[in-house]
């Protein structure tokens, strides 16, 4: 009964954990979002034949391929989705853009600002998306609504953490995420990139900052931890910290905002919650509220289940895709896109510069 | 590439909220669980043509039907899934069982114990399932593992709450859930049935109890709230409360267990968490632990995402189905089944008896 | 410089833990509350000479005595404070009342309702106080203010717990609190009496209830745990539970109230907090608020430190005394007094009756 | 009965909020700590006669004085306690030291490092104390014990916040705390000094850092907020932030430590709690524990009430004094003393240098 929908045949490059989250979103988006498009998981492309075939079998990919170059300019493909190690983002995205495909790309966008600029230029007239999926956590989207409504007044402080404990596991040092040649950076690109994108989204551009990077593991050529002091263009003061040595924290992607009108606090480890302090009410009941962001009147609450029923990690990808398809239908710009990710990349690169020179830098 | 899988064509009766959760599970189970079966959403059956067609279109049901009698004995159907108001559970289940179909049924199983006994008898030799989905919340399943391991020692107390605020909404009184003829009872069957099933699962049979039921809304013929004092067969003491007037609680399906070895606490409003107090360690670090039940070494953690990444409401249905299919493959019994639901039904009916007679009853 | 204050010379009977809390309050009240009275710790009376003397030395009691009869009618004594095992409350209070002394008494007031009635009659024209100290936790007092303001609308549910783990300690069974002859009851008088008093204070009289009592420890003649289902005179439904086998709970004296206007929740283990859900605001920010009840505009906030600075257990005794002295000065009635405690005693006794007869009772 | 105790007559300079906390400690210490000394509140000295007399009357100060110089060298005085605005700390401490008095001083010790060095030199052979009271929060002391035991293994991260919202109140800008001449700095000396002292205490010396300071209020000559990136001598990485514009936070003096063996977290707004993650146990029960630090086996638990009974803000002063008197009796050094506070002062001064030069500094 979906016969009249416009098909979007997808070629996905990559077959790891994140490719699984993407596959799920491709199949699920039509169940939760209205859209004139029907997404077809056409071809999955990966170097490891056995794993790629297993992934295809499980998630309904119709074809398996080994060489990404052979699929990105196929006539029957409308979308190229990039879920590879970071070093491959640029070549694949440029090839896909040259072939006129819609391009979706994992974060961080690239290894360098130079790459990112070329990539952003290449997709200028092509619908594009970067998987900064945490913008679509309903609680984060609610924070954005409340900030846009001015409920927090003048913003004084923005505080971001992204802490996990992956680095404390000696068995886990060999993957591509721990090698500069493949990942570009460590906690910086892996974790802090999310924090920077959320900060841009919620609190606007960062004007200047001072950064510190640190590697705990001997012989590793990427950062294990990074932190910064920042000043935002809106006059607020910021602090950021990301680490793979945050033992005790599983996935603590958190932010706090203090403004003259109140406070907001979010932590991905409680992703269905947003904490809110309203400084405008009677003093005796001013307090942090622990909002269960499952409706009513919350972002995406009519898409998923019903008030009091939680959603999970994967729904952030579904919601990202749902919003993208709606923007595509309307011919409107979608965010986060390559331009947004380029802005993040500029900050990431400047952080390495600030950390190595031990000085403040302007963005 | 799933060509060799055995097809299970499903006929689902019902098209409401819960039918949506079922539809999702039918499509998703193969993505997260290994199984030799391929589930096919063949026909959805509902009285409201427009809504049923919309549901079919969105969730990939191949056919739409209006009369459940016409579909339950179709040759090409292997499974009948019952997602209707409670009053229809018995006739549909009995017809499906008579036709030799696998039967899946929403909870509570029936309006009366008599019905439930007939239903349980009818499916005696047929694979069957009752959607007591909360057994498969990973945190609940972890609690079960820990109790089975004896980590809590002798059990002293079992404490269950299921509180929501649906009754405080004057606009919401007209649905089938608020009519005895269609629902059988109010908070009792809707909410407390889950608490009773979890209590049976986690703490074993209830020996005797004293109950109270109350209706706040004038003119309503079902209970709005129900509570009981209980003694379990294992010697522990229990309290239960369920209400639709728990203003401030969205979906607080909670239990606590105190034993000589420690304490467990769960609340569905934080469904990815299990709280645990270990009374066996050094006194100075004895405290409630807030376990994020997303792995490693937790139930279902290898099925879904990875440690630190939450799952949502719908995954409880997926995991229920995943376990059912595995049991089916192995020819093993599955729980919760009609027999388990019959035991719940006996308690529900005895509660009404206890409440109206203001006396203790033995189960 | 306190020369003009009216002296109140105190004779305290008892020298245990609670007598220590009283002694502290006697010395501290003038530091935090304005009052025309100066409390003098004149004589402490205890059977164990060594311990009583140590207590006197530490807390500034001017004299030590061994026989309470010899002190209660001393001319220079204005106040008799009873901090003994429960069985001595009645004889001491009656003697003190006969001597015209102001009487302060620990809870529960007595072993029986008959005793309590006699005691209440004896102090009818004498200023008196019962140490139901938890009424003066600022968070509890704030709950009372909010309920009196009608912020919770029609009350639907009142839910009380008092859980500790003292019973799980095999070493701890020999004290007077575990013997019927000295304590009258177990968890009932020790713990539940507080919950009943708070329920009366916050939600008014209980109309009828069904109770269960249980003793886990072999050979013990008092209850280890007690629970009840209740109906309040105001039409709300209540549940209560108290136990010494609540392993994992240190001192969980908790209550929750659900009403048409919202919810309140308190737990003594977080005594500086009151949780509040306001059902009247915009749906998207309705949530539990975690109010830090340290001011501004909170009960007692100007007496103690300043907003954000917590107070502890002992301050509930100080505030009780502060309010008593103010009432004394104004000639106004003070609560909780012997009459209030008699009402609690009636419920306690009826609970034992209900539990042993397995039936509902009217209060 | 305290006749044989050695008297310590105290002269306290100051009569504000903190002087009240000191007065309380002087009266209470003997009730909770064994000591051969009896503290006598002999003379309170303040410029505002009316307020000083009121304070004396309420807290039992025997005499009132207006000029601190007239009291610090009185023969009958053994202790000078300094509870004045920061600018007076140095002159009073130097005079008291010259007179051979025991000196107790509020934090921050001084306006400059130069002053602090002179002061530390002056008390070299005199028992002295600085009121860094938060070292004696039982939860903080427990953290220290656990760190000293090596339970956290190699330390990776130390994270400190001290956030309150005092600055968001336009009515509150005129006090001495907002003037450089009297306070020396703003949030830096008022709030961050506590965080630095705790960091020194718990994690050792800071090797180098980069700081940022910010003033939100127009025309104010002290910092409203300050933040730093730091490297500790032990190889761990640190971040610090203190602000008076942390709207939503009442008194959030918080720290977190991540090490190879686990995590600790503390927040003064929940002062009776310490959170602990033990990375050494079985993975499935690894989680943050919310330890109620009221015993058994916790610092100070035998001094105050009993397990499950909270203490408040004031007890940190009592415990500080209790430990000081014990050290005095034994002739042992006490911490935090003037030397410790000098180390804090060096960091504070270097922060201003780093912030104004926008560069890293070594301590």
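First chain written, first letter: the chains are A, B, C and D, and each begins at residue 1.
Simple rule for what comes next: a residue touches a chain if its C-beta (ideal position, glycine included) is under 8 Å from a C-beta of that chain, and two chains touch if they have at least 3 such contacts.
Small disclaimer: the values here were computed from a predicted structure and weren't measured.
Taking the mean Cα position of each chain as its centre, D sits at the greatest distance from subunit B. The chain pair with more C-beta contacts between its two chains, of C-D and A-C, is C-D.
Separating the CA-averaged centres of subunit C and subunit D is a span of 35 Å.
In terms of their C-alpha centroids, the spacing between subunit A and subunit D amounts to 42 Å. Inter-chain spacing, taken between the CA centroids of subunit A and subunit C, is 54 Å.
Listed for subunit C are residues 288, 292, each touching two or more other chains.
Chain contact summary for the complex, subunit C toward subunit D: residues 1-2, 17, 21, 23-24, 27-28, 30-31, 53, 56-59, 164, 250-251, 268-272, 292, 294, 304-315. Across the complex, subunit D is touched by residues 156-157, 159, 163, 165, 168, 210-212, 214, 216, 225, 227-229, 231, 237, 239, 241, 243, 245-249, 258-263, 265, 277, 279, 288, 358-360 of subunit A.
For subunit A in complex with subunit C, the touching residues are 142, 276, 278, 282-292, 296-298.
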